[in-house]
Structures are given as structure tokens and as C-alpha cells.
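Take a look at the structure below.
So that you can tell them apart, the chains are marked A, B, C, D and E in the order they are listed, and the count of residues begins at 1 in each.
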Amino acid sequence: QRNTTLVWSGAITGPTSDAGSSYAAGVEDYCKYANSQKMLSVTLNCVVRDDQYNNANTQRNFEEFVGGQNVPVFLGYATGGMLQIKGVVQETKVPTLPASYHIGLIDPPNNQYMFLPVSSYSENIVALLEYVASKERGAKVALVVNPSPFGRDPVVDARKAAARLGLKITDVQEVGGNNLDNTALLKRLEAQGVKYVINQNTAGPVANILKDAKRLNLLGKMQFLGAHYTGGEDLTKLAGDAAKDFIWATSYYMFDEGDRPGIQLVKRIGAQNGRKADTIRSVHYTSGMLAAAIAIEAMKRGGRDISAASVYKGLTSMNGSRSFNPGFTVGPVTFSAKDHVGAESLRLLQADATGNFKAITGAQRSRMFQLVHPLK
Amino acid sequence: MTSILQTQPHATPPPVGTAMGSDLTINNVEVVYHDIVQVLRGVSLNVRAGRVTSLLGTNGAGKTTTLRAISGLLKPENGKIREGTVTFEGRVLSGMNGTDVVKSGVVQVPEGRRVFKHLSVEENLRAGAILGRGNWQSDLERIYTYFPKLRALRNKQAGYTSGGEQQMIAIGRALMAHPKVLLLDEPSLGLAPLLVAEIFDNVRQINRQEGVGVLVVEQNASIALRNSDYGYVMEGGRIVMEGESAELASNPDVKEFYLGVTEQGSRKSFREVKSYKRRKRWM
Amino acid sequence: MDLLPQLLIAGVVIGSIYALAALGFVLIYKSSRVINFAHGQIIATGAFIAFALTQSGLNFWLAGLIAMIATFLLGMLIERVFLRRMVGEPIISVIMVTIGLSSVIEGLIHLTPYGAGNFSFTTPAALAGDGVSVLGTQLSRTQIAGVLAALGLLAGFTYFFNKSTLGITMRAVADDQMAAMSVGTSVERVFALAWAAAGLSAAAAGVILGLMSGLTLGGLAGIGLKVFPVVILGGLDSVIGAIVGGMLIGVLENLSAGYLDGLVPGGGTREVFPFIILIAVLLLRPYGLFGTREIERV
Amino acid sequence: MPASRFTQTGNYRVRYQQDQTIFATYAEQASLIVGVLLLLALPLLIPKTMLRDVDMIMIFAVAVLGLNVTTGYTGLINIGQAAFMGVGAYATALAATRLNLPFFLAIPLGGLAGALVGTFVGLPSLRLKYLYLAVATLAFQIIFEWTVGHSPVLAQGGAISMPTVQIFGVRDTFLNHNMFWYYIILPVLVAMALLWRNVLRTRHGRAMIAVRDNDRAAAAMGINPGTAKLTAFMIGSFYAGIAGGLFAYFQKAVVIEDYGLHTSVQLLAMAIVGGLGSLPGSFLGPMFIVALDRFMGSASAWLGEQDIFPQGIDVATALRPLAFGLAIMLFLMFEPRGLANWWRLVRMYFKKWPYKF
Amino acid sequence: MPQLHVEHVTLAFGGLKALTDVSLVVPEGEIVSIIGPNGAGKTSLLNCISGFYHPTQGRITFGAHDLSRSAPNVVTSYGIARAFQNLELFRGLSVVENLLLARHTHLRYSLLDSLVYYGRASRQEAENRAYVERVIDFMELEAHRHHPVGTLAYGIQKRVEVARALTLAPQLLLLDEPMAGMNVEEKEDMVRFILDIQREQGITVMLIEHDMGVVMDISDRVYVLDFGLKIAEGTPAEVSANPRVIEAYTGVAEHPPAPALQGVSA
């Protein structure tokens, strides 16, 4: 065996391509880096495929690479496409790492080969709820989610957790990318006495909500919070000063935490590949690298003959002392036959006046999440 | 019965009075549609300045096509002048686009009235002033004096006016463009007898008062010949006969086929048409 | 604070942008009976041109103006190159050409750095100050400027269509191209002008929208669909209809977000409500509030 | 006579009933048999990933046949065909997962569901014409997507996994999936195409054309324009429903994104590129669009690997929409009768062979 | 064969009354003409009969059938056929296809038969095709059989329009200005067809026509409309002598039975 293929299929164009293009860059650059470092005894053929956020394309890519080229691991992307290939992933036993942290992807039964690189959206949201509960018992909370499986994913867990935490979820609203004006939404939430608005969305819609909230003088009255894909550089770029004080849950280190080895690596690889500053600063660039790093590490650990089975073995051995820590995330990446979430730890961060996110908690796991959503 | 072929060989250009420089002359024009269907096969005719000329012919003879060839409106119908020229006041119209033809003073009133249904009567007229040849306010007044009916209807939606009124609108609209020659395509189509007479009176009046030359295509040969000075008869894409209107009206063939009178001079009854009758063809 | 007046105000603000977007649509339909599915993409083009210019340091207002000129020319070009050939073709072909066009423009935008991602204008100084409170709703200066600009353009076009000879001629062309040509109208020029004017108003809509809610290809192009309920409600060929339809859809959409979203699990009714209105209008009054009723006689 | 039947060039049919035959000459019948054999052997002749595309093309062809009834024949512009496909897909999914129906019942059920909803959506066509109806179907498309997104039974648009199936002891697995479905889709497509042909050459088909060309005159011919339009919608969406049911199984899951506006536009593009209202066009159109998409996909992948373009300018991603849009426009502008016309020219050539004229 | 009765029909468009209290009878087997100035309401009356408009007041019956509220396709199924004033042909279809469409109601197989095709559908199609050919022969359209109607000369299109109505095998044929835009010779042809239709096939004809010569020569009975009111009725001779008709419509005392040339300017 001389070489093998590392393939990623995701949205370089189409919806969410802002995140997807940085993610793709991360995958690709890390893959090249692995080659240059001779991390593996074989040469990696680094392929990123645009599926335009289209499930049929994702599925086709899966078939082409898994069915046709026998790739040992599949790096995927969107919630929709991943949910759709769940069945064949199980059938073909090819380990698959989505960019979507949808908990349903790893929920049993029959989901032994999907692995989330970091904590799920649900866990993000529940952690935020815990935070809210710690600030104000019995507070009224609204969930604003993307009108898609991606957005709706955490709603069920959030309701359960809120009930246990004594919070009141007064409203669950779906807001998508084409929403131009959120006055009605915000005013209604205000009328309901909502003080915390938790978002599961992409940065665009959240930025629009924040800007409208600022205009309506609601920023002081309501605290906005959000899961992994809501925040980061993207959000501050779009929302400007309206992003100030936004609270964000994520497992990744920030770009300005330059002392972290993972971030140093990101900067170095980004510079080597001549990426734009925006791309390198994006958390999605880091996420892409993490996914590639996990896959490559699993290949390395699985033994000389790289195959789906070896990668699976490599992945599921990443625990205890053998956990994997490339330094991109606040905790190590651990997987086992039962544990399909990589970096479970997360932090809450808050945007300061300059738009930088600063940690307001340490790395932690959400305890409540483990209660409301016990895994396997 | 004299054959037209003998008296008026179409091959030689027809002897028309003295062709004045300001006449509209069509010389040996051939037109094809879609590059294949030849409809005009060498048509030559002359529209004398300030006079009314009529063009008669059966269905599909190519009368409308002739007008389109003059007015530059062939192109939208996928038609093309393959041979021959159209000249007016020393300028060659053939090859010009519709806008330039109108600018040069030749304006067509299309077959079937074709008013702008959703515009008011007055807006219809104003649309005729698009080239801005003259002051539209005073032009409107002029048109309303020819067609007082239109003044009363000025704000009515044109689609809801009657056939005769629509014909008046169409002619008025063309007049707004200050034509020197007006091309009328079957103005009597679908109009009641009284209205036909009224329209032709109007045309005569316009012709006399403004010296506008008129080329009128008609199926209603009797009224056309009665109201014109000179006439042509067209069959199968060729001019087969021509002459002073009165002269034409007394030609036995014209009498039989266009005026519907017997050789004795009385009107034939439609009831008596024999069943085996087949059309007589000149060509 | 009362919810209703605030919803109404917000509805009018967003509605005026819908109206402006719908205007371009109506311009084209009015003169050539073409439904333009690429309108959203033209809006996006205008917005991104302005954005690119501000990025390169140009003053916002100047950038907006240049963008409007650019889309004016773009509209002309589109007409010239693509639509002119389609004169006389069946309506579905013409519609599909605009659909194809929308895809092409999207492709072209992807050739710029703006195909993917979210961007926002730096608010120009004149609009940066405090907004005003109308009936208890804070409106930013941007929003007020947007409403005024939209209304100004709309008023201008209404006057143009009803009073100027050229405007009347454009309507005439819509009715009967051949007849219009018979009096010397250059139908080509009328169409080109309609597309150009549509391009201009599209850029205006795009820039205002970009200023108010940021620029994304999807969001801007998406307005192209939102416009349908507006023009169907207002009447496909009516400028007044575009204004009233835009405002009504804006308001109704907001009312639905304000009152219905709470009742429907997941909410998001504003996304679909305009289209339900659309169907209702089609069933009850297909030519809309101000549209011309087809004169159909046999 | 037999000899001339072989190379028949003109129209020698002497009885009206002969005018009705589809494959008249021996040459045509022979090429039919060869064609059928080729089709049956196809999966063995082409690579597996290509087979997947062939399956997709055939499924789209079913939907495009339907679209050619509503839009091509009846002139009712339908920008919601993907939504009708979606209706069929969801109905099939529910039938398969909730009622545990086998696929050969679940898919026809999807067709019926499509037809039912299609007829209902077609109701406005009783009052609306041309453009307005196009807008109505567009609205339906959007309402459909929204409704699915808000329906917990439909997984709110998330994936509903389809059970794997088996027939005659052959199981549908990841490895033989494309071939398994090929042999199911092919006969379905052929049957659907024959039915299509039949309907459209009879009074029902003619009624549709009449309504498209001139609905007032159609009424004067005793045709009820409403019935004709509804029939068209019913048939068109039945085809869409069947296509949706097939697609559900073929994709192994039903997800709302597969049935979005974009797909509707693609189906329309297929119909137009193929040639509106044409039977061969209904195959050629999907073939062309899918092939174009694949080609552009590889082209952009290749371009993406060449570092010839400046950063941030993503030529690769621009290619697909550019090519798709340009294809539609160029066809409309230069070959409005679509690929079917090329097909016709080729056939004419062979029909006249060995004579040159 | 049933008679057509129009009883006190009024038709209003908003404020405009296109027809006011019009009553008339079309006896079977006759040729009945309607004349009147433009906008008098002739076409509107025809529209009311054929179901395109519905009278605001009044009743229209054809034998036992009430037409006042029936849709056009229903009226057609009662045996009433119509040729339109402004050509309403299927322009893209050939003459044969146009006529085949008129056989729609005579083909009586279902959608399922259609799908199967062989059997009922196939047999009926062939029979009807034969019928269509007979009409083509009758109307002398052989030469144009396979031409797209839109490319035919106007006069031929008019004839196709009548042929198509005839293909419906009606009992009553409504013709709206079938001779508009024709010269005398072509009118003679059309008259011959109309007379044959009436005489040979016994079809009742209701005719709208502006050519007084034709009307006077072939009508059994004439009704005159003006501004939506029936102002006269009777035999051609009676009507043409009626001063109200002269004033409103013809403008001359009697339709010239003799030379139409009196006024040709020299």
C-alpha cells in the first residue's frame, strides 16, 4: 500500500458555504501537512469535494469514494447529508466524521460508525442552559433555531434540561438566513419577558438578530447565547459591536489564544498554504483540521494496512492514556466503541467590546446533558 | 373576356403617370418568410403623393406583406425583402427598420385594428407620438377634430370600445406620427356598413386637408375604388392589374370577382352561386 | 409597550424594501410580459458592487450611485444579449431564460470574493447617528433613509408611467408590440430601458437591504422570491401595486411573526405566510389589487 | 411490400389505423430489440458510479415525463414538480416505515399521493393562466417545504431512513444497490413512457394541447378546460410521485433538501433542454443535465487542485451554476426544440439511409 | 330538432349594458342572421348562447336544455357549435388536428382506455379520423390538411374555423362574421358552404354578418340589434326597408340589389 485517499465532502458552495469553505481549507491543509511531515507510511491523496449542501451529492460522493475507491474513512459535513447516509455508513462500516455535531447522528440503534469530533449541539445548548440557570433561577428562555434538522436538533434535549433546571422555555422559534427583519420576533419575546435567547443557528441569522436587538435597545435587557456554529469570528465580523456580550459555547480554542500548540499549528499551516487572514482566523478552519487530524491519527494507530476496519480500531482506541490531543480543542479527543464524541469538554466564551471571545468558564462537560441524554 | 396578361404584362414596370420625387415607389419587390415561403414575386407599385391608392386582392395574395415590406415590419414576422427596393422621397426605405421608416414619414395602420387594449383612448393616441414629431397636445386636438367621437371616449379603456371606434383610434394613433403617407390595412374589416363609410370619409378628409398620401388595402373593393384615385389588383404575390379607379371598376373581371356584379351590371345574388364553381385564376 | 404599532412600523420598513425590489420586477413585466426570476441575483449584484467599491475605500454614497449605474448597464446588456432573442418565443421559454440567467449570475458572483460568506457595510457617517422612535419603535437612520429612498423612486416611476410619452409607450409595447412598432416605437429600446431601470432599482434595493441586514448572496437573491407575493398581491403590472403590495406583505408578514409564530410550534410563519396570501389572492383576485384585468373577448 | 417496409422512407400508410403504430418498419423493430438488449446489459458494461447516474437519470426521466404532461403539453408552467416528487417520496416513506408495505406497493402509493395532492394544487388552474399558475406552483413548492419542516411525522425534513428491500431473494445492499434499482427503475420507466405515449395520442392528450393553445376554443370544442387541466396535473404529479417513491428508496432516505426549489428548477431545465413535450427529450434532458453536472463537478475538482486562480476567487464553485445556467439559456436561444430535435435529425438520417435525401 | 329560444336576455358589464331585454327565436333548419352596428351586442349574444357569457337576466333554451348558466363545453355537448369572429384556432396544430379536436365529445373512451390504447381507443380514433376527412372534403381543405393552421392565409383559416365547428356535428351552428375580410369571390365560396350545410345536412345556422348582400340573399329571417336592443326583425325584405335599420345601420334605403358601382369617382 503506497497511498490512500482522505476525502471530505461538504458545502464549498451553496448554503453554509461560508463555514464550509474554511472547513474544507482546514481539512485540505492539514492533510498536506501530514504528507509533508510523513505522518503516515503511505502518501495521502487529499480530496475535498463540493457537495453544495446537497444530500444527493453527498451520497454520491460517499458511494464514489467508499464504494468505488474503498476509502477507509469519510469526512462529511452537513446534518442533512449525514442523516441521509447514516444507513450506508452502518452498512459499509466506514468510519465517518461529520462537521455537523447533530446528536442524532450517533444515537443508537445501529450507529456504530459515526463519530462527532467535538461535543454535540445539544450539549452546547444544555451547557448554556446550565449557565443561565446558574445566573437566574426560573428565568424565561427562548430558543431560536435554524429551520432545518440542524437547528431543530437540540430542542428536545433543551426542553428536558430546562425542565430539570427550573427554567421556562417560553418559545421556540425558527429563523433562517433570509430573515431580513427580526423586530416582530424580538418584540414578542420582550413582551413575554424573555431574558435569555439561546441560538442554534449559523452566524448570519444570529448577527441579524443581534443588530436588530441593538437597534431596539434590547441588548441590555436580553442576553443572547449560542451553540458552536453561531459564534466566533464570523459573528463579530457580521454583527459588529452588536455582538458584544454574546455568549458562545464551543470546544475549540480561539485564534487569539496563540500560546496553544494547536493554534500555533493552525497559524503555521495557514501561512504555509497562503490562506487569507479571515480563513485562518475562522474557527471552521480549525475544525476542519481537527477532523483531518483525527482521521489521520486513526489511520496511524490502526496498523500498517489502512482500511475501514483499521481506522475504526484506531478511533475506538483513542481513550484513556491513548486519547488524542492535537491541541485544537479544550479537551482531548476520546473515542471508544461506546463513546462517539471526540472532544467532550467545552467552554463558554463571551465577546468583548473588540469582538474577541474570552472564556468565561473553564473546560468542562455539561453534567445536565449527561442526565437528559445518556449515551448508550 | 380580356386576359389581363395581354393588356398589362406585369413584367414591364407599369406605366404610372409621371413619377414624382415624393412618390412612394415599390420596385420589383420579392419577399420571403422564414427564408423559404416566397410571398411576393416581384411587386411594383407607385403611391402618388397626396393621392389615395388602393390595393385589392384575394386572401393571401400578399397585400399585408406588401405593406409590411414598405413599413419595415417584416422582420418581426421573420420575413425578408429578397429583391427590389422601396423608395420614398429619394430615400431607400427597404432595409430600414420600422422606426426609421416612420421617421421618414410612412406610417402603417395594422390589420385588425390592434389598439392598445389596456390603455385609455387618449393614451393610445399619445403612444403614436413616441417619435416626438410635433407637439402632442395640439396633435391630439387635431385628431379629435377628425374624430369627435374619440374626444368623448378619451378616458375609456380602448379594449372596451367598439370596432369602428378602434379603427378610428388606430388611424388617429398613426396620424400622431405626422405621416406623409398612410398605409391602411383593411380598415373596413369587420365594420358595419355605416362605419365603413364613415371611416372612408375620414380618410378622404385627412387626405384632402393634409395632403397625406394613402395606400389602402381593401377587400371591400367597391368602397375602396369609390374612394381612391388609382388602384392595383394583386394575386398570388404579383400585381395583375392596375389603373385609374374608375377604369378598374368597369373592368369585367374586377366586376365579377371583386364587386360581385354580373356582366349585365346587376348585383349577383349569393344564393345563385353554382356549386361547382371554381375560382378563376389569372396566373 | 404595545406590540401592534411596533409590528406595523417594522412591517412598513421592510415592506418598502420589498416594494423597491418589486418595482424592478414590475418594470420588466409591464413592458415585456417577462417574469424575471433573476431579479434577486441582480439585486445581489448591485449590492456587492457597492460593497466592493466601499471596500476599496470609496465613499458609500458614491459607491451606491456607481452600483446603480452599473446595474443599469447590466440590465441593458442582459436584455440586449439574451432577452432580445426571445421576443416572440413562448412564455415558458422566456421564464426559463431568466431562471438560467439567475444561475449564471450566481456563478459569476462566485467568481468574486463575495460568493460565499456574510458581509456588512460600514454604516456611513450620515446614517450612523441615533435613530428616531416612531410609535415606540426605534428606527435607525438607515431604515428611515431606506424607506424614503424607496418611496421616492416609486413615486418617480409612477409619474413616469402615467404622464410621460415614453412611459405610456412602454405600457403600449406591453399590450401589442407590433402595433407599437407601427408608429415607430423601437421595441428593443423600450425593453432595454425597462431592464435598465429594473437594474437600477434593484441596486438601490440591494444597497439598502445590505445596509440594513447585511450581505449574503443567499439572502439578497432570496428577495427575488419574496417579491412574488408582493407583485401578485399588488398586481403584476402596477407600480402602485408594487408599493401597496410591498407594504402590505411587509406588515402582514410581521403580524404573522408577531401573533402566529407563538401559536405554531417552531414558528417561522413569516416565511410561508406571504405565499399563503399569494395563493389566496390568486384564487380570489388573480390580477391583484391594482393589476390590469386581462381584457378577454371572443 | 416487405422490402419497402424495411427501408420505408415516405408515409405509405394507407389506413388510419396504420397511422397509429409507433414502430412501423422492420428496421425500427430491429433497433428496438437491440436497444432493449443493450439496456438490459448496461449495468454490466459501465462503471458502478456511472450506474448511479444512470439510475438518477431514469428517475428524473419519470418526473420529467410528468412535467411534460403539465408544462410541455398543457402549457401549465409548473415550478413545483420537485414538491410533488416530495409528496410521493414522503408517502412512500410512511407506507414503508409505518405500514411496512413492500416497495412494490409503497411506490405506487407514492404515485397516488402525488396525483391526489397534484390535483388539489391544480385547482387554481381552473381560474389561472400561464404565469399566474407558475407563481402558484412556486408558492406550493415553498409551502410544501415549510410544511414538511414543521411536521414531526415527517421528521421535520430530516432523514427518514428507508428499509432495505429484497425481491426474488435478491437483497439490496450497498454494493449492488445501483444495479438492484436499475432493474426496477428501468421497467417502471419503460411502462411509464408507454402510458405517456398512449395518453398523449388520444382525446385526453389532445384536449391538453387544445387547452394550452387556446382554452376558449377548447371549450367550444366541448372540452372542459378545467377537467383537462386537472387531468394534466393529476397525471403529471402521479409521475412525479412515482419518481419520488423510487428516489426515496434509491437515496435510502427521504430528506426535504432533495425536493427543494432547486430540484424543481432542474427538472424544468431537463424538460426544456430535452425539448418540451417530447418523449425522447424526456430522457435526453435528464441525461444532459446530469452529465453536465458530473462533468462540471470533475472540472471544478480539477480546477480546485490547480493553483492558477487567486485566493478567494473560487472558479471551481462558480462552474456548476454557470454551466447549468448557460446550458439552459443557450438551448433556449439556439435550439428551443431541445435535444429531441437533434435526435430527430439523427433518426431522419438513418431512416433515409442509404439515400441521402 | 330543437329550436333556440332567447327570452328577455339582458347582459351587463358593470354599468354597461351589452344586451337589453333581447328575445328571439331560431327555428330549426333556417338560416337566421343577426345584424347591427359594431358594438351592438351581436357577439355578446352569441357568447351568451354558447356559454362564454352568462346573461344577467333572462333565459336561453335549446330544446329541453337551459343554456343560460351552462359552461361553453356543456353547450357544445347539447349540439351547438360555434365559429369565432376573431380566429380562435389552435394555431400550432395542423388542419387535421384542429378538426380531430372537435371530435372530442364524440370519442367516448376513458382515461384508462387511453392508457391502454389498443382496443376501444384505437378503434374510435380511426373512425373519427375518417369523419374528419369527410369534413375536409366537404370544405375543400384537402390541400391544407397537414399544414399548421397559423401559416395559412386568413381566408383559409376562416374556412378551417367553420370546418371545425362542422366537425362537431352540431344541430345549430353559430357563425360570427365568417366572411369578414374576404372579397366577393371568397364570400361566394363561403356562402356556398353555408347553404350546403343548411340544405344538405339540415343544420340550423345563426349568422352574424356585416355584408348586407349576403345577409339579404341567404337569410330566412333577420334580427337587428343596436345598442344592445333588438330594433327590428323579420324577413330580409322587411328588415331592409325598416327606417330604423337604415338609420342605425345600413345608411341606405335598401340594400342595392343592383350595381354597387354607382359612386365610383371618376
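To be clear about the criterion, a residue touches a chain if its C-beta (ideal position, glycine included) is under 8 Å from a C-beta of that chain, and two chains touch if they have at least 3 such contacts.
Here the structure is a predicted model, which means the values were calculated and not measured.
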Exercise. Going only through chains that touch each other, what is the minimum step count from chain A to chain C?
Worked result: 1
Exercise. D-E or C-D: which has the larger count of contacting C-beta pairs?
Worked result: C-D
Problem set entry | Chain whose Cα centroid lies at the greatest distance from that of chain B | A
Problem set entry | Separation of mean Cα positions, chain E and chain C [Å, integer] | 47
For this session: Express in whole angstrom the distance between the two chain centres, defined as the mean CA positions of chain D and chain E.
Result: 42
For this session: Round to the nearest whole Å and give the separation of the Cα centres of chain C and chain D.
Result: 33
For this session: Go ahead and note the Å separation of the Cα centroids belonging to chain A and chain D.
Result: 38
Problem set entry | chain D residues counted as touching two or more neighbouring chains | 149, 156, 216, 312, 314, 317, 320-321
For this session: Would you mind listing the residues of chain A that make contact with two or more other chains?
Result: 12-13, 17, 21, 147, 152, 174
For this session: Quick one: which residues in chain E touch 2 or more of the other chains?
Result: 52, 84-86, 88
Exercise. Touching chain A in the complex: which residues of chain C?
Worked result: 1, 3, 6-7, 9-11, 13-14, 17, 110, 115-120, 131, 137-140, 143, 209, 212-214, 216, 218-219, 222-223, 226, 254-255, 257-258, 261-262, 265-268, 270-271
Exercise. Which of the residues in chain D come into contact with chain C in the complex?
Worked result: 71, 75, 77, 124, 127-128, 130-132, 134-136, 138-140, 142-143, 146-147, 149-150, 156, 216, 261, 265, 268-269, 272, 276, 312-315, 317-329, 332-333, 336
Exercise. In their shared complex, at which residues does chain E touch chain B?
Worked result: 13, 16, 35-40, 85-86, 151-156, 177, 180-189, 191-192, 195-196, 210, 212-214, 217-218, 248-252, 256-261, 263-266
Exercise. Touching chain C in the complex: which residues of chain A?
Worked result: 12-13, 15, 17-18, 20-21, 147, 152, 171-181, 183-185, 187-188, 190-191, 203-204, 207-208, 211, 215-217, 234, 237-238, 240
For this session: Show which residues of chain B lie in contact with chain C when the two form their complex.
Result: 71, 73, 76, 97-99, 101-103, 107-110, 114-119, 123-124, 126-132, 136, 157, 159-160, 170, 173-174, 176-177
